[in-house]
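A, B, C and D label the chains in the order they appear, each numbered from 1.
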Amino acid sequence: MTLVLDIFTVVLVAAGLLFFIVGTVGLLRLPDPLARLHALTKADNIGLGLLVLGLVPQAVVAGGGLEAVKMVAIWLLVQLSSGAVSQLMGDVAYHAAMTADPAAPDRSAHGEEPAP
Amino acid sequence: MSLLLDAILALLVLAAAVRVAAGGDGFARVVAFMGVGLLLGLIWVRLAAVDVALTEVAVGSGITGLVLLQAAADAPLTREREVGLLYHLCAGMVGLVVFAALAVVVLLLPDPAPSLAPDVVRALPATDLGNPVTGVLLVFRALDTLLETMVLLVALIGVWSLSPDRHWRRAPAPLWPAPPSGALDFLARVLVPIGALVGIYMFWAGADVPGGAFQGGAVLAAMALMAMMAGLSPVPAIGGAGLRLAVLAGPFAFLGVGIAGWFLAGAFLDYPEGFEKTVIIAVEVAITVSIAVTLALLVLGPPMGRKA
Amino acid sequence: MSAPVLFGLLGAALSAVGVYGLMVGRDALARILAFNLLGGGVFLVFGAVARRGAGAGFAADPVPQALVITGIVVAFSATALAVALLKRLAALRARPGAAPAKVAGAQAEGTKGRVQPGGDA
Amino acid sequence: MSGAVLFASADALLVVAVILPLFAVPVLFLAPSRIAERATVVVLGLSLLVALAIAGGVGRSGAAAASFIGGWRPPLGVGLRADGFSAFMLVMTAAVLLATGLFAMTTPGRSRAGGERMPPAFWMLLASVFSALNLVFLAEDLFTLYVALELLTFAAVPLVCLEGKLAQVEAALRYLLFALFGSLLYLLGVVVIYGLYGTLDIILVAREATASPGFVLALALMTAGMMAKAALFPLHLWLPPAHSGAPPAASALLSAVVIKAPIFLLVRFWLDLAPSTLAVAVAPMLAGLGAAAIVVCSLVALAQPRLKLLIAYSTAAQIGYLFLMFPLAAASSPWSALAWTGGALHLASHAFSKAAMFMAAGLIAEALGHDRIAGLSGVGRVVPVSLFAFGLGGLSLMGLPPAGGFVAKVMLLSAAVHLGAWWIAAVILLGGLLAGGYVLKVVVLALQRPAEPLVAQPVAHWREWVALALALVAVGFGFVPLEPSHFLFIGRPASWAGMVP
């Protein structure tokens, strides 16, 4: 039984790490902020999700349910904050790209004029 | 094996630190610095200092990072001075000397290490606290902690003093100049209540397990700032009596308890016997409130010309 | 080598980077960052000392831990004050009247005393 | 013993000295500024009484007073201790700060609109500086001293830029960064000491300390930190813009007392904490830097075009004398007691004369609307009392009789001559000549007949009298007997023996 659990953990954690590696390579290699964000969010969401999923059985065996609940809570919080922050950063990057390009569409609609 | 992981952690910190010191874009440096802070938090856990780890991540990396980001955004990079190659070499030599001397000292520290841990163990039962770090902060070295709350207060006065006198009752500028976006609003609505709960728990649990007034106060301050950034609550004017009382509550409740100790227990900052824990928790409540408010106000900066 | 020694050496290295940065920093932000690195290094050396002092049932000497917490909060206050000064400086420099000649004259005005802060607009 | 009795005991007064000034802060935070201003001055006056009571207690009992916070003895707890030298510093600081508070008060009848009032922040920062300084003089715990130094820094730096001008904010930021650098170097030394001895109490460390490499490094770091804070040459560059840019009342307290805190601590570290063989070996280096400070900064002061900058450079130079004291005081000879007394006397007479000179310079600038030295001719006719205060303060700096600076320098000189340190004697004499140069340059010009009629604003006379009173105290030190002071040696060498928590 433990062997099955261990194999399960190893496979999922390895898969999670793969996502992190891909995300990091994307962060370093992709050309513009929006594409880099795209790569990073994958690492955050799926990569961390796989890690947590892989570790939950170990936590249950070792320390009971509370540790597992904590890990899942961490994953949910990261989901929430990374999603929202990626949105914000994408927003800023998009407007910055628009501002830099004189042929950009009307930007007053986005309201990125800095407040006085 | 764990030493290998520790070594990797140390190398990561060093690389990020070199990135911080290397110069270039202000934002990149600040972000690298926040990375240093987060990694240092991990190192503090590895050093079995969880209270410090929480403080480092919440205050040393988080709130400090927020302040530094503002500096990077506000102050365009001005090359105030150009330093020559010779000066660089001299500074490098000084750095090397500092490193070498400290490294020798670290390697030659006496063995067995002198420690106050046994003294703390002997004295801790008298305080009725379970967390030795809280015991040191609020009992054995209460004077330092009292003064630390004063330091925060004086720093706030110093920051406010940068504004003209006539602005002393107005509000600081908002942190986030653009109108709030939907994503931030959503994040704040969900995260602020959870974070506030975590902050209160950190302070409450601090008597017996890692956590305490400083860590809890920092989390509460961060949540208040997030609510303001998302536009859920306005930036408060600094003239309000409630706000000012909240700033004063911690240091002066602490001072009051200290003076009461003279009459009830026979020494300044001594706690009456049998009520140690009750009084300590009460002081911590006041300190937590003040720290939360003061940290948030320090991040917001001096009041500007805008009326709240 | 043990973990406390390793992290103690890291603290020494961070301190050295901080001292170097404080000496050569070209702008105020660089020096504020270097100050924070130096602080982190100093605290880390203290953490190594604390870990070495484990005993009497504690995994680390609690006294240095408490002092480091105090130190981190004090360092934050310092950073906040420095950044407030930096931002004020940037705002003053951005003003149209802040030509160098006027700056030189500010000192004489300053000695008049009793002027409202910021009243030189 | 009941709490009420404890409260009034000499030991409890040490705590009162630290916390009393802090009570001015909430009043200022919540009350209208006119009331708050007066409340602060009342608190300053009470604090002077507390300092005098401590000094009286120490003098009467002939032993140091001590207090243990929360009843916890070192090494776990924090001890406050007042020996003769601490009590001397407490009284000096309290007197200068009370005078500063009186000087900064709003003239009755003048409105706020006239720009006559100091902002509320000034009073809060003044009270905080006071508390921090008292703690520096009393705390025996190395980490408590760190917190006290930071409190002092955060209170002192904003004083520089209360008027919010560009040059002042620049000076304040530079001052802050230097001070923070100094604090962290100091803290690094403290960390090393804790790693070596597992305690932070100065007395307990001193009992165990040997000249091991680690301890030498710790002392070197702490000394470097204090030198940056004390603006000892070549780390002095932050001082002149900061001290000359501040409002006069703030300049006075920064130059007179704030700068003395790190010097006091250096004395503690090298004469109380370090093994005496080590102190004897290192002291000449400190004295060498002091000598360089005296010569270089005095020459730079001579070349200054503005009065306040001249006085600020003079501070950077005068600090040097206090470092000249180290090799003389560290030597084990009967003469070292005289050198030690001379150093302390110089410290006090410089505090009073420098405060008087900055206030006088502020009043001169207020009357003329500028402080260019070239434009000062004839100012003696406009503000004679201020000029007299400036001249008396300058007399003390030059070391001419009957001023306090004279007696201090005679003590240092005789100790130097008897200990065979001829180069120190030579520097003391040269420094006096240079000080004479820059003080007389101003005074002679001010006494001349003005080339064209001076247009001057009226200044508040009572503020001139405050400056003069300070200068007279500096002169009054000239009448102390020319012998080692018994009071300064009360409670030395330091020990906790016989102190009950």
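Note that in this section contacts are C-beta pairs under 8 Å (C-beta built on N, C-alpha and C of every residue); 3 or more make two chains touch, one makes a residue touch a chain.
Everything quoted here is computed from the prediction, not taken from an experiment.
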Quick one: most central chain, C-alpha centroids? C
For this structure, which two chains share the highest number of contact pairs? B-C
What's the distance between the Cα centroids of subunit A and subunit C, rounded to whole Å? 32
Centre-of-Cα separation between subunit D and subunit A, whole angstrom: 56
Indicate the whole-number Å distance between the mean C-alpha point of subunit B and the mean C-alpha point of subunit C. 13
Between subunit D and subunit C, distance of the C-alpha-averaged centres to the nearest whole Å: 24
Touching two or more other chains, which residues of subunit B qualify? 102, 106, 109, 113-116, 120, 140-141, 144, 148, 151, 155, 158-159, 161-165
Please list all residues of subunit C that touch 2 or more other chains. 15, 18, 28, 32, 45, 49, 52-53, 61, 63, 67, 70, 74, 77-78, 81, 85-86, 88-89, 93, 116-119
Full set of chain pairs in contact is A-B, B-C, B-D, C-D
Touching residues on subunit B, where the partner in the complex is subunit D: 101-102, 104-106, 108-110, 113-116, 119-120, 123, 139-144, 147-148, 150-151, 153-155, 157-165, 168, 241, 244-245, 247-248, 251-252, 255, 258-259, 261-271
Tell me, which parts of subunit B touch subunit C in their complex? 2-3, 6-7, 10, 13-14, 17-18, 20-21, 23, 26, 29-30, 33, 36-37, 40, 43-44, 46-49, 51-52, 55-56, 59-60, 63-64, 67-68, 70-72, 74-83, 87-88, 90-92, 94-96, 98-99, 102-103, 106-107, 109, 113-118, 120-121, 132-133, 135-137, 140-141, 144-145, 148, 151-152, 155, 158-159, 161-166, 212, 214, 295, 298-299, 301-302
Which residues of subunit D touch subunit B in their complex? 1-4, 6-7, 12, 15, 19, 22, 25-26, 29-30, 67-72, 75-78, 119-122, 124-125, 128, 131, 135, 143-144, 147-148, 150-151, 154-155, 157-158, 161-162, 164, 169, 188, 192, 195-199, 213-214, 217, 501
Which residues of subunit B touch subunit A in the complex? 174, 177-179, 181-184, 186-187, 190-191, 194
Quick one: in the complex, what on subunit A touches subunit B? 77, 80-81, 83-85, 87-88, 91, 111-112, 114-115
